[in-house]
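Can you read through this structure? Questions will come right after.
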Amino acid sequence: MKLALQILTVLAVSGGCFLFLAGTIGLLRFPDTTTRLHALTKVDNLGLGLIVLGLLPTAGSPLLALKMIAIWLLVQLSGATVSQLIAQLVHEQEPRA
Amino acid sequence: MSLPLALEISFAVVLLANAVWIVIAREVVAAVIIFVAYGLLLAIVWVRLAAPDVALTEAAIGGGVTGVLLLGAAARLRATEATAKPASVSTRLVAAAICVTTSCALAYVVGSLPDAAPTLAPAAMASLPETGLGNPVAGVLFVYRALDTLLEKAVLLLALVGVWSLAPDRLWGGTPELCAFPRRSSTLLLLAQLLPPVGILAGVYMFWVGAKLPGGAFQGGTILAAMWLLVVMTGLEDIPPTSRRWMRLLAIVGPAIFVVIGFAGFALANAFLAYPAGYAKPLIIVIEGTLTLSIAITLGLLAAGPPVRAQHQ
Amino acid sequence: MNATALFGFCAAALVGIGLYGLITDPQPLRKLLAFNLLGSGVFLLFGVVARRGAAAGLGGDPVPHALVITGIVVAFAATAMAAALLVRLFEETGHATLDSDAAQDGNTVTDGESS
Amino acid sequence: MISFLSGAAVFVLLAIAGGMLRVLYGPAEVDRMMASQLLGTGGVALLLLLAAVTDSPSNVDVALMLALFAAFASIAFVASAPRKENEQAEPGGRE
């Protein structure tokens, strides 16, 4: 059981790290603002989500685990809406619109 | 090289790069955005320096509220950007020389700090048990150096009066305005309705946990202020005119109770700001609770700036 | 070199960078940013001293920590005051600059465009 | 496990540093703000990892604060961004 949890931690955190890497590369290499935004949202949702999932077994108390999930949900909520807002702003500022 | 040291070195490099870019960035708004990122990063550095209380404050004020304040100012001053003349080469050279000298002197001081570092930690810890607090920083703020905290509240109120006084006479008591043109969009509205309940909960939690763990009135108050500003920014609710009595009362209630309890200390414990034995913790919680509200309203009003619209009757 | 000393040198460099911006940047709002940068360098120095003074089972000396928290809040209040002052200057004179030539123009020509 | 997690922390920090380049180089203000949103998320991940590594639960509170205020700064940016002339339907009321 303990080993299974450790494997879960390693796998999930590695996955999260990979998504962070992918997000950063996307942010740096994609050609325009909206595609970069696309890269960013993956990190917000899945990258942080996987890292939180991986860290849950290491949290000492259920309360702490709940707090970590709450933080992830908060980032989900704000990340999704802020990306939407930024996309609206980009759309507005486009020369042709 | 051990992993943690690699971590610290990358932090230092990124932090310094940010600082340089804030100074050399071409546009003001860009510099302000980099400053926000810098504030968030600095919060992590404070965690690395084992100062979570400071990290919370820096994330809230450096990364959040200062950013809002400066973004607002930059939006209003956008028109003047082109008119400023850059400093001459000789000024730059002299300035660079002065700054390098200052930095080197400071670095030398850092390098030659005494090995047995002087510390007030034992003194601060010694007075902690009798107050019933578990957070040493809260102990310092409200027991060991309570006078400093009280005076700081006075500074905040003075700054608020100062900001309000910058309005022309006819606008005194009028309504401040956070954004020149609030943006009305359904997404923003959704966020303004969903985030404040979460934020208010986080703010109250931050205040409540502050007696025992890192957190406290400043951090909690700043979250509440940020949530208020969020609601204002999205146009859901206007800032009330600064002449509103309840708002002014709320701004001074925390410091006022602090002063009253301070003077009561003369009668009950023979010194200003001394707490009678056994009542320290409840009294500190009363002070912190009211201070949280006062800090929230004062920081929010400071970020909103002077009134720009006359009071409607 | 340990991490605390590293952040100490980092703080010293931040003070220098902030000071440079404060002196050379022509726009007052940028000066304000640089001033905040300088302040954060000073706070970080406090943090380094606090970290070195770790004792009594704590990660750092709580007294400098409390001072820095107070300092951050006061720095915010000062920044708010300065920003409000700048916006008012702009509304009165049409330009926000601390340049002495432009300021003289602002005194004599009220709706002035500075040279 | 500790060394794995601190390795992950260094990794996330490097990702943040990469994203920082976007904050520094822009080119548009929106790009900078977006990248600093990533910085916020990365900071949250980093703090959670550090909380697990150094076994200091109070880091989780700092992560909560960072999540809250990174979003707050982005919203402030969007709200104060200049708009197209035809959309300024409501003047700010500055007489």
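By written order: A, B, C and D. Residues from 1 in each chain.
Convention: contacts are C-beta pairs under 8 Å (C-beta built on N, C-alpha and C of every residue); 3 or more make two chains touch, one makes a residue touch a chain.
Everything quoted here is computed from the prediction, not taken from an experiment.
Report the pair of chains linked by the most C-beta pairs in contact.
Looking across every pairing, the one with the most contacts is B-C.
Measure off the straight-line distance from the CA centroid of chain A to the CA centroid of chain D, and report it in whole Å.
About 11 Å, centre to centre.
So how far apart, in whole Å, are chain B and chain D when each is placed at the average of its C-alpha atoms?
Distance between chain centres: 18 Å.
Any idea how many Å lie between the Cα centroids of chain A and chain C?
33
Using the touch definition from the top, which residues of chain D touch two or more other chains?
In chain D, 16, 33, 35, 40, 64, 68, 70-71, 75, 78, 81, 83 touch at least two other chains.
Enumerate the residues of chain A that touch no fewer than two other chains.
Touching at least two other chains: 74, 78, 82, 85, 88.
Give me the residue numbers in chain B that touch at least two other chains, ranges are fine.
4, 72, 188, 191, 195, 198
So, with touch as defined above, which chain pairs make the list?
A-B, A-D, B-C, B-D
Quick check: in the complex, which residue numbers of chain B touch chain A?
Going by the criterion above, the answer is residues 185, 187-188, 190-191, 194-195, 198.
Residues of chain B touching chain C in their complex?
It is residues 4-5, 8-9, 12, 15-16, 19-20, 22-23, 28, 31-32, 35, 38, 42, 45-46, 48-51, 53-54, 57-58, 61-62, 65-66, 69-70, 72-74, 76-77, 79-81, 83-87, 91-92, 95-96, 98-100, 102-104, 106-107, 109-111, 113, 117-122, 124-125, 136-137, 139-141, 144-145, 148-149, 152, 155-156, 159-160, 162-163, 166-167, 218, 295, 299, 302-303, 305-306 of chain B that touch chain C.
Contact residues on chain D for chain A in the complex?
1, 4-5, 8, 11-12, 15-16, 18-19, 21-22, 28, 30-31, 33-35, 37-38, 40-42, 44-45, 48-49, 52, 55, 57, 60, 63-64, 67-68, 70-71, 74-75, 78, 81, 83-84, 87
Along chain C, where are the residues that touch chain B in the complex?
3-21, 23-27, 29-30, 32-34, 36-37, 40, 43-45, 47-63, 65-70, 72-74, 76-81, 83-88, 90, 95-97, 99, 102, 114
Which part of chain B faces chain D closely enough to touch in the complex?
Residues 3-4, 6-7, 10-11, 13-14, 17-18, 21, 27, 29-30, 33-34, 36-37, 40-41, 43-44, 47, 52, 55-56, 59-60, 63-64, 67-68, 71-72, 75, 78, 177-183, 188, 191, 195, 198-199, 202, 206, 209, 213-215, 219, 223, 226, 229-230, 233-234, 308-310 of chain B touch chain D in their complex.
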